[in-house]
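A, B and C are the chain letters, set down in written order, and residue numbers restart from 1 in every chain.
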Amino acid sequence: MMGSAMTGRLALASAGVGLLAVVSLFVGVGDVTLASLSGDAGDSGQAAQILLISRIPRTLALILAGAAMAVAGLILQMLARNKFVEPSTAGTAESAVLGMLAVTLLAPDTPVIGRMLTASLFALGGTALFLAILRRMPLRSPLVVPLVGIMLGAVITAGTEFVAYRYDLMQSVRNWETGDFSGVLRGRYELLWISAALTGVAYVAADRFTVAGLGEDFTTNLGLNHRRVVSLGLVIVSLVTAAVIATCGMIPFLGLIVPNVISLMWGDNMRRSLPWVALLGAGLVLACDIVGRLVIHPYEIPIGTMMGMVGSGIFLYLLLRKNGHAS
Amino acid sequence: MPRDLRSPGGAAGRAASPVLLLATLSVLTVASVVLFLTVNARGNWGFILGFRGTKVAAMALVGYAVAVSTVLFQTITNNRILTPSIMGFDVLYRLIQTVLVFQLGSAAVAGIDPRLRFGVEVGAMVAFSWLLYRWLFSGGVRGLHLLMLVGIVFGVLFRSLSGFLQRIIDPNEFLVVQDRMFASFNRVDAHLLAVSAVVILAVSVVIWRRMKVFDVLALGREAAINLGVDHRRAVTLVLVLVSVLVSVSTALVGPVTFLGLLVANFAYTLVRTHEHRVILPVAVLLGILTLTGGQLILERVMGFNSALGIVIEFLGGIAFLFILVRRSAR
Amino acid sequence: MIEVRNTSKSYGRTIVVDDVSITLPAGGVISLIGPNGAGKSTLLSIISRLLPMTAGTVTVDGMDVTTTPGDVLARRLSILRQDNQILARLTVRDLIAFGRYPHSKGRLTVEDRGHIERVIDYLDLGAVAHRFLDELSGGQRQRAFIAMVLCQDTEYILLDEPLNNLDVKHAVAMMALFRRTADAFGKTVILVLHDINFASCYSDRIVAMRDGRIAYEGPPEAIITTDVIRDVYGVEAAIHEIDGQRIALYFR
């Protein structure tokens, strides 16, 4: 169903993201320029080192995390059938942080993949609880749904902080809660390739998620097992969220605003919108990170803060605009 | 703890009149306060009573403010799982603390006159909510749910700002900020108690005179308008009152998020009427009882001594989840 | 053939479908009528496995609906419920295309596309096919939903109050389309209808429900009578035969 005009535009958007990625390679404290890369031996060696060890991993991490988080938000919106849901308004992210805390406390020597899997199990539990609560709510006005998710998240956070406070781990918790890519180095971001793979799975299963977005009755009528589609979605969302939190911390709003913007432009047929969501997610994260690296140079504003500011602006716009024309 | 109360209180709520329920709760509350003041008190009585008295007074004020604000907030939103603090009050308070320590350093912050600081905190929180309501309501009829979501969005914004500041702050300073992030009844300033009491009293006068309007508001927007209540005005007034109550309580002891949910929902189960005239006092008594009783148990029996606020938050959160999963949320 | 055997559904102590047994033969248009709350939607949902039953069995061409895999049934039977709220922003054509999902699992073949275009054409949706569902009128949306179900191209087509929101012209066209679907393509169309005259003019059989039970069943001549209508609805109706069709007049 993808027209050639659409393909052309996608190519254009990909080129835009590619351009941002190139910019991201050359922005930062260490001096990496084309001149320094091709300059005399010592200089170019150092610049190449920075590029290989820090800049390329960071740029890749930004792209992978941005695309995957945005897609995770899209999936969650389909499953909850609500446009205001994303991993941080559904208890997913908060549960994942609790999971990270639990594994840090109970088994501090667990390798990073084990931490991530534990966090994703917690995330799975929290999100499933959220969806179970939604099912029990007879009247669900669209705006109440995220409120419930936020309350659930606040409860989980209260638990996390209670434990973290007792064991003096508050600063770690803050690090998981606020996304930051400045610590991303070669060897420390590879988990995110899992999210990339999951995004691929989501694309393959895109039609199922779109059908699930039509509701349980429609799904059953079309011969799909609703429960199984929801489970698949939950697993993808939890693993992606956990991988991102374990690598660089939570990126708020991303999963909320990107799918909403794309939905306004291209609708909710996931087969069509998913590539756009992934691209815009990657692009937005890249752009925010680049700006965060530049504004208070030589310091950095972490992506979590940047996204919090940019995202809340965009979200407010969407919220007020949408409400204005819906009611 | 209210849990111990369940069987006698529940029976009283169903079988006997609200008067009996209120009487029972009052007796329990008074008993808990007296116990709190006297248990394990050794040494100089004057000093101990003064110290514990300040604490009890703070708990009474906070219990009152939190219970009333939560019940009213739930009345106007027609939703029993929301608390006013999700509208960004807690995070704003935390942001203010972080900014103060970040800008001035913890030593200078400790030196600020508590009354000035209290004034700044309450002023900032009330101003924030007032601007929010004005901005949203000036654009025609906007839903309350929308208002809450917008509040939450600001909450995320504040949280990411304070998260950023906490990251670049000196780790020792961070500990100071961190301590202020949680409710504590240990560092309450006696001067502030009087100020808070006066503000809360003033708000209460407005509230107690409008009891019947709240009963109508609880029926929902359409029904209230049909019955001739100026819904928008009434709701705005409640929101402003609620924000004053929450701000005062937060500035006094720190953020208390889930206590309100706990006592409001427990009050609804005890009281089988929709009348605020009964619900509000029951919720208030439960609030004070939970705080003093809980504190008594945690402090004297279990030997916890720091950040009791967190424990109450945690227990309140668990109770909330329980409510949510057991009863289908409205 | 759909066989419903001793099927009941209760919520707590209220029984809403009470030990219903009925055999619906393949082919033709069957209308389900009855007062509000009679249990029509519930029965339809049970037959189409959207709602689990409390007791009994339902088989479609010998396949038990509770045990047959969902995708097998989805190629045999399709259902549209009474009220459908879709919040997703899908275009009409996308929605209809999803009707082909049980057959093609999302990879549309040339044949699938043929089906889609034909259905769009039949239901007069060509002018709005590219629009999003939330940009349609109530009747247009209802036709889009019906189009999706018809696009599923199943042996049995179950529709709960398909004429909701439709104007006179489109209601007549819709009923004619159901008739044609049954006559020319040999399908079985089972409809819940509130307009008993539509039921009278277009059905081969009418099933009347009341209080969770099947009160009457038979061809229109047997059901559209003063006595049956009085018994089922508690309404006095005069029956007139006009151009060979039985019309109930109950407006006064």
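We take it that contacts are C-beta pairs under 8 Å (C-beta built on N, C-alpha and C of every residue); 3 or more make two chains touch, one makes a residue touch a chain.
What you are looking at is a predicted structure, and each value in this text was computed from that prediction instead of being measured.
Engineer: Using mean Cα positions, find the chain sitting nearest the overall protein centre.
Structural biologist: A
Engineer: Can you check which chain pair, A-B or A-C, has more C-beta pairs in contact?
Structural biologist: The comparison resolves to A-B.
Engineer: Could you tell me the distance, in whole angstrom, between the mean C-alpha positions of chain B and chain C?
Structural biologist: The separation of the two C-alpha centroids amounts to 54 Å.
Engineer: How many Å are there between the centre of chain A and the centre of chain B, using C-alpha atoms for each centre?
Structural biologist: Computed value for the inter-centroid distance: 33 Å.
Engineer: Measure off the straight-line distance from the CA centroid of chain A to the CA centroid of chain C, and report it in whole Å.
Structural biologist: Averaging C-alpha atoms per chain gives centres 43 Å apart.
Engineer: Which stretch or stretches of chain A touch chain B in the complex?
Structural biologist: Its residues touching chain B are 84, 88, 129, 132-133, 136-139, 141, 143-144, 146-148, 150-152, 154-156, 158-159, 161-162, 165, 170-171, 174-175, 177-178, 180, 252-253, 299, 301-302, 304-305, 307-309, 311-312, 315-316, 319-320, 323-324, 327.
Engineer: Would you tell me which residues of chain A are touching chain C in their complex?
Structural biologist: Touching chain C from chain A are residues 1, 78, 81-83, 142, 206-208, 210-211, 213-218, 220-225, 263-264, 267-269, 271.
Engineer: Can you check the complex and tell me which residues of chain B touch chain A?
Structural biologist: Residues 79, 81-83, 86, 139, 141-143, 145-146, 148-150, 152-154, 156-157, 159-161, 163-164, 166-168, 171, 174, 178, 181-182, 257-258, 307, 310-311, 313-314, 316-318, 320-321, 324-325, 328-330.
Engineer: Where on chain C does chain A make contact in their complex?
Structural biologist: Touching chain A: residues 48-50, 69-75, 78-81, 84-91, 94-95, 97-99, 101-102, 105-106, 108, 132, 149, 152 of chain C.
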